[in-house]
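Below is a structure I'd like to ask you about.
Labels run A, B, C and D following the written order; every chain starts at residue 1.
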Amino acid sequence: MASRSGVNDFVLRFANVNGTGSASANTLFAKAVFRMGLPVAAKNIFPSNIQGLPTWYEVRVSEKGYLGRREGIDLLVAVNPQSMEKDIRSVAPGGYLVYDDSKQLPPEWRREDIRFLGIPMIRMGMEHFPEPRTQLLMKNVIYVGALTALLDLDPEVVKALLHDQFGEKEKLIAMNIKALELGRNYALEHFDCPLGLRLEKRDLNRGKIMVDGNTATALGALYAGATVAAWYPITPSTSVMDAFAAYCEEYRKDPVTGKNRFAIVQAEDELASIGVVVGAGWNGARAFTATSGPGISLMTEFLGLAYFAEIPAVVVNVQRGGPSTGMPTRTQQADLISSAYASHGDTRHVLLFPSDPGECFELTAQAFDLAERLQTPVLVMTDLDLGMNDHVCHAFSWKDDRSFDRGKVLGAEELEQLKTWGRYLDVDGDGITYRTLPGTHPQKGAFFTRGTSKDEYARYTEDNDAYKRNVDRLMVKWATAARLVPPPELLRCKGQPVAGMLYFGTTAHAAREARDQLAQEGIFVEGIRIRSLPFHEEVRAFLDRYDRVYVVEQNRDAQMRTLLIQELDVPNHKLIPVLHYDGFPIPADTIYQQIRQHWPAAVNV
Amino acid sequence: MASRSGVNDFVLRFANVNGTGSASANTLFAKAVFRMGLPVAAKNIFPSNIQGLPTWYEVRVSEKGYLGRREGIDLLVAVNPQSMEKDIRSVAPGGYLVYDDSKQLPPEWRREDIRFLGIPMIRMGMEHFPEPRTQLLMKNVIYVGALTALLDLDPEVVKALLHDQFGEKEKLIAMNIKALELGRNYALEHFDCPLGLRLEKRDLNRGKIMVDGNTATALGALYAGATVAAWYPITPSTSVMDAFAAYCEEYRKDPVTGKNRFAIVQAEDELASIGVVVGAGWNGARAFTATSGPGISLMTEFLGLAYFAEIPAVVVNVQRGGPSTGMPTRTQQADLISSAYASHGDTRHVLLFPSDPGECFELTAQAFDLAERLQTPVLVMTDLDLGMNDHVCHAFSWKDDRSFDRGKVLGAEELEQLKTWGRYLDVDGDGITYRTLPGTHPQKGAFFTRGTSKDEYARYTEDNDAYKRNVDRLMVKWATAARLVPPPELLRCKGQPVAGMLYFGTTAHAAREARDQLAQEGIFVEGIRIRSLPFHEEVRAFLDRYDRVYVVEQNRDAQMRTLLIQELDVPNHKLIPVLHYDGFPIPADTIYQQIRQHWPAAVNV
Amino acid sequence: MTYLRPTFRHPDLPVNRLGYTFKDYEGGLSTLCAGCGHDSISGAIVQACFELAIEPHRVAKLSGIGCSSKTPTYFLSQSHGFNTVHGRMPSVATGANLANRDLLYLGVSGDGDSASIGMGQFVHAIRRNLNIVYILMNNGCYGLTKGQDSATADVGSKSKSGSVNKFATIDLASLAIELGATFVARSFSGDKSQLVPLIRAAMSHGGFAFLDVVSPCVTFNNNLGSTKSYQYVREHNHAAGTMDFVPPAEEITVRYPENTARELAMHDGSKIVLHKLPTEWDPMDRLSTMKRLHQASMTGEIVTGLLYIEPDSEDLHATLQTVDTPLNALREHDLCPGSRALDEINAAFR
Amino acid sequence: MTYLRPTFRHPDLPVNRLGYTFKDYEGGLSTLCAGCGHDSISGAIVQACFELAIEPHRVAKLSGIGCSSKTPTYFLSQSHGFNTVHGRMPSVATGANLANRDLLYLGVSGDGDSASIGMGQFVHAIRRNLNIVYILMNNGCYGLTKGQDSATADVGSKSKSGSVNKFATIDLASLAIELGATFVARSFSGDKSQLVPLIRAAMSHGGFAFLDVVSPCVTFNNNLGSTKSYQYVREHNHAAGTMDFVPPAEEITVRYPENTARELAMHDGSKIVLHKLPTEWDPMDRLSTMKRLHQASMTGEIVTGLLYIEPDSEDLHATLQTVDTPLNALREHDLCPGSRALDEINAAFR
C-alpha cells in the first residue's frame, strides 16, 4: 500500500499518558507549525482524571485553512503502552506510526498497511538525562525532534519557541534543545526524511494568533471592565477564571496603592456564584461567572430571578458532554434549551455564540454591554473544544475610545430632574426601563427589587393586569434585544445555492469545509453562522430564502432547531437536522455525509 | 336596568379578609350547592401573606356543567372594607351586591346598575355572640344564612353539612345554626326572596365527589404504594404532603406494632428532597416529592442525573405563576419546558397532565408505575387551580386486584439463572434495561450507578461510540414511553369539525364551554385533551386531521406548542396559540374570543 | 399591594444628628399578622437607624423569602431593597457588597431561610467575614408556608397544628461562633431595650454581625408547648450579655465599677461597654460562650445579649485587598488596559 | 475506563469468619494519582470490611463528585455503588437508607464535596442522625479540578500553584460535634493502624458516624507550605483519641489498668475500648472535645482519634418510627388501603 503523502495537509495524533508533561511538547509542535505560517488546529483529548490515563492530542495542518476536526489519522506518535494496541489500529491505511521502541512491540500488533517508525525515546531519555522526572519529560521533546526531520518541521522555529518559553532559564533551554537534537538526529540517521507527509513554510498566519477560547473570554471580561467575578471550579470552564485572575493581577492593580480593582470570589457552589453576580449587577458593578452544564442547572433559579427582576448578569457557559455529569472532558453544544429557557415560568435569556477565540474576546466584551443595556442575563455559549483548545484566529483588537454601554441608569442629577419615575415604566417603548443604583440620591430613586410580580413603580402587586403588562413588556424588550445582538455571518458559495446551512460556534470550520466538499459535487449550499439568541432579523431573511436549511449542531435533540421554530416560527419541515453528539468536535465529513444523502441525484463531479 | 336572573347558572364572589375564617363559610356554601345536585366550581383567590389582606372566593354554578372560570360577577358578597370600593366596581351590570352595612357606604361608591342588599352582618354578629373571635367567624355564617333565602339554597342541606363537619360538637353546631338563621331571617324580612338568580335541586352529582387536587394526588401516592416522600414547603404544593402524611397516619400503620409503613422527610430544601427521592428510587422504594416552579428549578441537576442514570422518581409539580417567585398564589401552566427538558444536556422527562382531582388520583398512581417501568423521572403536572381548589369529579376508584408495575428488576433467582447481564444492555429492544437493587445477591448483579457516560455493563467509559449507543437507546426508551402513557381524550362536536383544539389540565372545562359557544355560531371544533409527554400516537393522528389546531395554554410563551413541534415535528403554521397567562384560571370566553377572530366569515347564529 | 404610609410630616417631630426624623426610617405598612414578632424587629431597626443617624439611602436591605424576608419593605423606604430568592440572600449580599463597599448592608432572613435551604450560604458568608448586619428573625417555624417546623425548632416543641418536633435544633448563634463569626448576639423581638443597642453595635462592626432574634409567630407557633412563644421566651429569657453602645459622638457619662465593665473600641470609633462579665462568659473568648450556650440548651434557658465579639476583624474587602473606591464607581480608564497592552498580549500568542 | 482486577483467587488466601478473602472486598484498579491518600483510605475500608466480616453485597456505597468520590469504584466491587452529583450524596444516602434500613451505608465525600457545595446536606444529615459511615477524604483542595483551595484548607496554607489560602478553615469534625453528631473521629490516610479500627467502630455505630480523614493530594497539595502534606501531617499529627475496637465475637484479651481505659457497648454488641482518657478529653463530653480541638487549631496540631461518641443514639428510622421490614420490601397488601377504604374516603367528599 502506498504511504500517505502531501504537503501541509494531514492529521497527526499524539498518544500519551496524562500527567507526564506531554501537553507542553505537543503544544510546542503545534505552535511551531503555526509559526511556519500554516493554518493548524490542535485538540486535546483528555480523560476525566488527573494522572496515569491515556490522553491524545490531535493536530491538523491544512493549508486550505480547514481547521475543523478530520477523521483518519495520517501519523500517530505513540508513547503510551496502555493504549498502544488500540492506537495502532486507529492509524489510517497508508499512515505512519512513530512509536517508542525501547521495548519491542508484540508481533500481533503489527500492521502491513502502515509504516512503523520505531524510536527508542524512553531509552534515549534515560541515557542522556540523569533525573527520572527529566527523563519522562525529555522523551516528549525527543519525539518532537524526530518530527522536525520526519515532517520538515523547522527546527529553528522550535528552538525559538523554546527560547520564548523559558526566557532566561538557559539550562532548561539547553536541555530541551539537546533532546530535540537527539530525536532529530535519530530520525535523520534511521529513516528517509522527510516522509511523504511534510510541511512547507507559508505566510498564512499574518495578523493571527493561536490561543484558547477561555483565555480570550477572560480577556474580554477584563477589557469590558468586569470587576466582580464569582465562580466554582468545573471543567472545562475553570481556566476562564484562572486567566481572568492572572490578567487582573497584571493589569488591574491600583498603581499607587497596589490594591485590586477587582474582586474574585471562589464561591461555595454555583448557586452562590450566580448569586454574587446578581448582587453585584444589582449594585452597578459589571460581574460575571463561568461554568459548565451542571453549574447552569444549579443557577436556574437565580437566572429566573435576574430575568424577572431585570438585573444584568454575564454567565459564560463552556459546554461539555451531557446529560448530568456526562462526559466532562468532551465537547457538545447541548445546553441550548437549558440555557435559553433556564428557570420555571416564561423566561428567556440572551445567548451569544462565539466561534473562535477572537469572538470569545469580542462577544464576551459585548455581553457586558448587552447585559447592562437590556438589564438581563446574557450567556456566552462556548464549549470545551473552543474553550480549552488552542485555535488560530485574528489577533484581538480594541479601540481605545470604546466606552462601556452602562445602559439606562439614572444618576442623582437625572433623578432630581425627573418628575415621575417608575422602575418598570416603559417610557421609551423599547421595553427597557430605567434603573437606579443603591445609594444614589437621598430622597429619590429608591425602590424595592423582587422576584415577584410588581407594577410599573416596583410596588408589589398581585393584580392580574399589572402582571400581564409586565411580562408583555418583557417580550417587547426581547424584540429590542433582537436588534442589539450581533448579526449572523454569511458563508456564500460560488454557485447558485440550492439550500441553506445554519450553524454556530465551533461548527464553523467544519461547516466551511463541508460546504466546499458539497460544492465540488455541484451541491451549492449557503451558510449562515448564528451568533445570538434572540435571532437577528437577518436570520429570518436567510431562512426565508431557502426551502431547505440544514441545521448543524452538536447535540442529540436538535436544540437549535427547536429554538429557531419557537422564536421565528419558521416552518419546521424546512429545517433539517444535521447532528453530531459523540463528544468529539464535529468533523466536516459528518456534515457532508448527512447533507449529501438528501441529494441522491446530484452530479458526482 | 334589569337585574340578572336565571336558575342554576351564575357566578358569585365572596370578598373577605384572609385569616378571618371566611374560607370555611365559603366552602360551606359551595358544598351545599354540590349537595343540591348541581355542578359547581369554587376558586379561592388569596394573597401571598397570612393574615389581613383581601381574599376572594368565586363560585360558579352551572347546570350545563361548565365549570371553568367565567368572568362577570352576578352576585358579590362584600365583607372586606379594604377592597370594597374595587369589589363594588367588579359586579356585572344588573348584578347584586350583598354587603355588610354595619357601617354606611360612602355615597360615591353607589352604582345605579346593580342592586345593593345591605345586611348588618358584623353588628348582628356582635349582638348575638359574646366572644370577639366568634363574632368574626359567625358574621361569615350569617351571610351564608342570607344566601339560603336570597338564592333558595336549601337551609337543611347547609345544616346537614354543619352536622357532618362538627360531628359531636353540639355547641358549635348550635352556634352556627343560630348564625345561619339570623342571616336567613334578616334576608327574608328585608328583601324579596329569592332573587332572580336562584338554585333548584337537580340530581347531576351522582357518583361524584368534590375535592381538591392536592388531596387526590396524595391519595394517588398512597394507593400506589409510595413509601418514601421528601419535600420542602412551597405554595401551592404543600397540601399534597399534608394530605399524604394524614392518610399515612390513618392507613399505613402496622396494625401490630403501630409503626409506620412510610417515611416522610421534610428536607432542608428542594435539592435534598429530590435527592432523597432519587436515593430511595435507586434502592427500590416508591418515592416522590411535591413542589412548584422554584423547586423544579432547584431540582434541575438531580433530574438530569435521574434521567441519565435511569432511576425512577415521581415529582408532583403544582404550577403557580412564574417566572421566579412570580405570583405564588396564582395559577399558570408555565413550567412545561422547564419540566420537560429540565437539566443541561440532552434530557427529556415524562410529564402527565391530570385535569381534575379524579385524574390527579389516577395519574399520580400511574406515575409510579411509569417511573418504575421506564426507570426515569415522571412529573405530574398540576397547577394551583387544580391543586388547591375544590372540584367536582367522579369518585375515586381502585380495583383491588390491581398490582404495582415494578418494572424490570432482577431478583436473586433471576440473577442466578442469567449468564450475562448488563445494567444498560437493551435485551428487549424497547430501550429499557434490567436493573438490580442493592443487597440482592452475594455475587451477582452489583453495579455502579453514575451520572457519567458508561457502557452497557455500567462501566465508566469515555468512548464516543459507547456514549452514543447509550443516548440513542434513551431515545428508543422515549419512544416506548409514548406507547405506555395514558392516551388523550377527545372532545367530539356535533357538526363537521373545521379545526382542532388542543388543551390539557385545568383548561378542560373552559375548552368544552368554548367549543359549545363556537358551535352555536356554526364553528365546529374538535377537542383533544393531552394527558402526557411524550405524546401518545393518537395526538399525532389528531393533529394530522386538521389544518388548524388551536393550542390552548395558560402561559405566555406557548410552551406546549413548542413541545408539540419539537416532539412530533408537526408543521408549526397549523398550530395556532391561544394563550392566557394573567394568573387567573382561563375563562371559556378567552378561548372563544381568540378562536372566533380567525373565523370572521362564520355564520352568526 | 403595598400600602405606603401617608407622607405628611409633623414639623415638631424630633430629628437626629443629620436632621432626619423617625418617620424617615419607616417603610410601607406591614402586611404581617398583627402581633408578629417580626414587626417589632422592624421597629427596632428603624429606631437603631434613627439613633445612629444613618443616611437611609446609604443602606442596602437584602433578604430571602419568608414573612421575615418581607420586612425590608416595612422599614427604610428610602433605601434600596432586594427580596432575592429563598435562602440565597448571603450570596447576593456578597456581590452587592463587593460592588460598593461604602454602603451599609442589612440582611434579613428567617430561620427557614437560613438554617435549612440557606445553610450553605450562611456558613460561607461567615467564613468570608462579609461586612453585613445579618438579622435572623427566628420563630422556629416556616411562617409564610403556614407553620411547618424549621431547623431551629427545639426538640419537643409543639406547633399550633399539634405536631411535635422530633429533630435536634440547630443553634445558629452557636454555629456561627464555631465557624469563627466575629460578632454574634441573641435577642428577643419583645425586648427592644436590649435589641436596639445590639443592632447599633452590629452596624458599627466591620464584618459579619449576626443577630439571632427570637421572634414569635403569633399565628402558627405562639401556643402552649412551643418554645418560641412569647410566653415561653419571656419566662426563659436570660438576658446576660448586657452592654451599652456608645457612638463616637457621645461621651460615656456613666462610670462603671471596676471589673464589671469593659470597653471595646469599634471600627468606626464607637464603643461597646460590656457588663457583668465575671459571672457569665467572656464575649471575647469563643469557648467560654460556646460552653455557656451548650449549658443553656440543656436547661432550656435562652441566653440573650452580646455573645461574642472580635472587634477588629478583617472583612472580605480587606482579605481581597480591593481598592478603596467602590468597584462600581471605577470607569473605563481605571479598568480597561487598552490597545497597547492588547498588542503585548497578542504577541504572547504568536 | 475501568480496569477490573483479575479474578483469579489463590486457594490459600486467608478467609474471614464468613469465608470471604481480602480480595472479595477489593474493587477495580484505581485511576487516582500514584501516592494519593485516597487510595490508602480505600485500602483501610477494604481491610475494615474484611476484618468485620461484612457481607459485601449488604453494603451500599455512595459518593458525590471528586477524586475522593471516585474511590467507591476501587473497593467492594460486590457492593452496589452510586456516584451521585457534587455535594449531594447525603440526601441520596438518606433516601437509600429510608428505602432499606437493613444495609450498611458507606458514604464517601471530599472536602470540596462536603464543606462547600455540600455544606447544607452535610449539616442536615447530621441533624437527622442518618445511619451512615461518612468518610471525608480531606486534602484541603479540589483534586479533580486541579488543586483549588477548599474550605478546609488552613489559613496561610500554600498550594502547589503557590497561592496562599486567605480564608479561615472550616473544621468539619468540630462542626459536626457542634451540630450534635453522634460519632466523630479524625484520622490520617497514612495511619492505617489508627484508621482501620476507627472505620470498624464507625460501622458498628447506629447513627451518623463521621470520619474526617486527612488524605494528602500528592499532585496539588503535597508541597512545602501546605498543611495537608504528608510531611506536615506526620509532623503535627497528635494521635490521642486512641481506642480498640472489639467485635462481639471476640473476647477482650488484654486488661487495661484501672482509670486508663473505658468500655463502650455498641449497638451491635461490639465494644469500643477508649484509652488515655484523663490526659486528653472525654469523648463522651462534647464540650471537652471542642475545647481540645479549638486549642489544637491555635497551635497547628492535628488531633486524631475518636473525638466524640454517643453510643446509644437514635437514628432516623427510630425518629420516624418506621417498621422493621425494609420499606422497599413492602408489597401491595401492606401498602394499598384498597377499595373499601376508598369508599369511605369518597364519602368524606360528598
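The working rule: a residue touches a chain if its C-beta (ideal position, glycine included) is under 8 Å from a C-beta of that chain, and two chains touch if they have at least 3 such contacts.
The shown structure was predicted, so the numbers you read here are calculated from the model rather than taken from an experiment.
Of the two chain pairs considered here, B-D and A-D, the higher C-beta contact count falls to B-D. Using CA-based centroids throughout, the chain positioned farthest away from subunit C is A.
A straight line joining the Cα centres of subunit B and subunit D is 44 Å long. The mean-CA centres of subunit C and subunit D are about 35 angstrom from one another, to the nearest whole unit. Centre-to-centre separation between subunit A and subunit D, using Cα means, comes to 40 Å. Residue numbers of subunit A whose C-beta contacts span two or more other chains: 47-48, 268-269, 294, 301, 305, 309, 324-325, 450-452, 462. In subunit D, the positions touching at least two other chains are 1, 83, 85, 116-117, 119-120, 123-124, 128, 151, 320.
Residues 19, 47-54, 232-235, 238, 266, 268-270, 294, 324-325 of subunit B touch subunit C in their complex.
Note for the complex: subunit D touches subunit A at residues 1, 31-34, 65, 67, 70, 83, 85-87, 112, 116-117, 119, 142-146, 148-149, 151, 219.
Put simply, subunit C touches subunit D in their complex at residues 116-120, 123-124, 127-128, 151, 166-168, 170, 174-175, 178-180, 286-287, 290-291, 294, 319-320. On the subunit D side of its complex with subunit B, the touching residues are 1-2, 55-58, 60, 62, 72-73, 77-85, 88, 90-100, 102-103, 120-121, 123-124, 128, 316-317, 320-324, 327-328, 330, 332, 334-339, 341-342, 345-346, 349-350.
Per the touch definition, subunit B reaches subunit A in the complex via residues 47-48, 293-294, 296-298, 300-301, 304-305, 307-309, 319, 321-330, 332, 334-335, 337-339, 341-348, 450-453, 462, 464-465, 467-468, 471-472, 475, 555-557, 559, 562, 565-566, 569-573, 581-584.
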